[in-house]
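Okay, here's the structure, questions in a sec.
Here the chain labels run A, B, C and D in written order, and each chain numbers its own residues starting at 1.
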Amino acid sequence: MKFGVIGYKGRMGKLILEVFQQKGHQAVLLVEKDEEKFYEKPEVIIDFSAPEAIENTINLGKKFNSKLVIGTTGLNKQKIDLLKEASQNIAVIQSYNFSIGINIILEILEKYSKLFSAWDCEIIETHHSMKKDKPSGTALLLKKSLNREVLIHSLRIGNIPGDHTILFSNDGELINISHRAISRNVFAIGALKAAEWIITKKSGLFTFRDIIKEELL
Amino acid sequence: MKFGVIGYKGRMGKLILEVFQQKGHQAVLLVEKDEEKFYEKPEVIIDFSAPEAIENTINLGKKFNSKLVIGTTGLNKQKIDLLKEASQNIAVIQSYNFSIGINIILEILEKYSKLFSAWDCEIIETHHSMKKDKPSGTALLLKKSLNREVLIHSLRIGNIPGDHTILFSNDGELINISHRAISRNVFAIGALKAAEWIITKKSGLFTFRDIIKEELL
Amino acid sequence: MKFGVIGYKGRMGKLILEVFQQKGHQAVLLVEKDEEKFYEKPEVIIDFSAPEAIENTINLGKKFNSKLVIGTTGLNKQKIDLLKEASQNIAVIQSYNFSIGINIILEILEKYSKLFSAWDCEIIETHHSMKKDKPSGTALLLKKSLNREVLIHSLRIGNIPGDHTILFSNDGELINISHRAISRNVFAIGALKAAEWIITKKSGLFTFRDIIKEELL
Amino acid sequence: MKFGVIGYKGRMGKLILEVFQQKGHQAVLLVEKDEEKFYEKPEVIIDFSAPEAIENTINLGKKFNSKLVIGTTGLNKQKIDLLKEASQNIAVIQSYNFSIGINIILEILEKYSKLFSAWDCEIIETHHSMKKDKPSGTALLLKKSLNREVLIHSLRIGNIPGDHTILFSNDGELINISHRAISRNVFAIGALKAAEWIITKKSGLFTFRDIIKEELL
């Protein structure tokens, strides 16, 4: 696969390059704020950089007829609308969380949470002590997928990349569903999975959950 | 609900009596090997005793037009056939595991295991040191629902009623789904759930999984 | 061992009777608010009832020259002073927590917490949803043994008898020390251990920690 | 601190350079099989490379009067004897495991295991699927510190850097002591701690456990 990376010098950009190249894929377009290295037309362009970059990313996608994988967070409605419009001609996958495991868990919780309506439920999330926001965005996604009020307990200790645990308990049982990010390259691995999936599509706006739904068919 | 208990002096029989009566249900038929206390026609009869008892249980069901909840283990084909035949006229629910949580997990694993085909998977089960069989029957059910070869690690320590953990891991993530039986009355609670469900049915042979499937609709 | 139980009809009293008798010990004195069944002079008297009972318990101890195991919570200074005075002639063991495992963990944390001074630390405790107080008394004991400020996260779900977890994390490691009460008779088992220990003593006021300290010698 | 690294191009050598430099320490001697970059006399030399390197490392230590931190595994008696002899003039710290947390746990288990003599005990260790040896060396160290026969369960899944869990259970309780290596630089962090400690010593042969024992005084 020939791919491009937007923000290739940033933390996520570097990880994406590393993970994609390890699997034998070829970086043919490397973009930074004031720099563009072009070698060849990319089949897919990956952007996990900043909202300001999105217009340029879309233009590159249109110009090269490349599919887009968008993991940028903090996109406002106007930017999302731009992606929607572009997706009429090129396939776009956009998500706020590219962890495969978290997306599977969200799918399971959404589908099965009604079986747990009579069970108590609380969430624990643990991250490194430098993480400022509480609770984590992922914990909020988990809560939303449960479709009920649940307490979220946030621990900030050491250098934990990210643990999330959902606990259900009734009179006689305790069920624990937990997810651990082993390293910070989880999202780059998810971006690769998304890239491999989106290049099979002609057009349309997708999310990471669509990959999981398709695999379930 | 008016209910009967077969083997009411056994360990499970006592638990069933306790759990059902705590919820205000009325024991109107109590049966032991050489004893039958009859007070009133039961709506449902619960049998978690021994395979030898099953013919008598079926006859009582037919006589009183009661639904049956059968948790006896070790039923051979001939006994299962008897239940099938009886279920043409009275509703019967028969399962080898009445834990609500384990049945939900089995349902999830069966449905989602293909999403984990590229992940490694192993199972850990922990029970009290008096438990002789390794691995536990529940661990084997979990393995079967995964539809692949998985290692099962069996711990036998202290007085643990029963913990089961399924671990999935790939390059960047670890997912842990675990179930803890808090006390030994888990199965009595499941039997109550089954009883409350089966009295709404006219006839037919059901398993505990049918309750969960119906709740998902 | 011949033993007496104060408050033998209460929840803890019943458990103590059950656990002690299972090990072949002989109940020779059974006391309730307005009742006293005396069969024989007890070697040890167990009181896990209410603060109001303590004077009578002490008097029985003096009268029969019995050792005392006191697990009553909420004793004020005046009652503790009465125990101190009595302990000049009879051996008394008094503690607010008779779980063997928790007392071992407290001992370990007190001794080793300074090794963790550069690590982050937080505590999670999980109990059944009927438990009103947050955090649990045991979590507060754990915090005290750490001798530093730590966040305590309290979960109240299902029917959990009591889980406590202490987490330490630094730049590269996570250590988790956790304790699970498997059933509510943990404290009765601890009371038995205390009774077997105290009958070897002549006089003096001891705590459960003294048993552990002695075993370490 | 001015430090030297033996095997600076290897996996551990690179991590050591990264971790030490991040804390502001200065690399003044870099050695590879056929290369030696010398800038200045090092206060301490770190060697986590291969047994063949040890003679040269010792000679460098003697020449520059540098302390030595030796994490090389597979040293035979003759090489250990060379370190002993060198330690008469220069301080040397040698260990097979430089994880701070594991060494604290070993210390605790050795000291407290007799309190658990009546409890059942088993060990679980989980590592990435590429790890060939079963059980892990660390699990064997844990078992040794318990001074009794214990079952070790080895899981090999995904990309786990290394989890170790010791479980104790009796009739009413379960205690779980577990350690997670968050990333592979745990040992480099431990090497730094060892370096900072050994530069305060004049001479003598020490192990990582001595650091912990000294901190406990």
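Just so we're on the same page, contacts are C-beta pairs under 8 Å (C-beta built on N, C-alpha and C of every residue); 3 or more make two chains touch, one makes a residue touch a chain.
Computed from a prediction, not measured in an experiment: that's the story for all the values here.
Of all chains, the one whose mean C-alpha position sits at the greatest distance from that of subunit A is C.
Note on interfaces B-C and B-D: more C-beta pairs are in contact across B-D.
Subunit C and subunit D have Cα centroids lying 39 Å from one another. Computed from the mean C-alpha positions, the centre of subunit B lies at a distance of 49 Å from the centre of subunit D. Computed from the mean C-alpha positions, the centre of subunit B lies at a distance of 37 Å from the centre of subunit C. Residue positions 158-160, 168-174, 182-183 of subunit A each touch two or more of the other chains.
Within the complex, the subunit B residues that touch subunit A are 99-101, 104-105, 107-108, 111-112, 114-116, 168-183, 185-186, 189, 212, 215-216. Here subunit D touches subunit B in the complex through residues 119-122, 124, 126, 129, 151, 153, 155-160, 167-174, going by the rule given at the top.
Looking at the complex, you find that subunit D touches subunit A at residues 158-161, 182-183.
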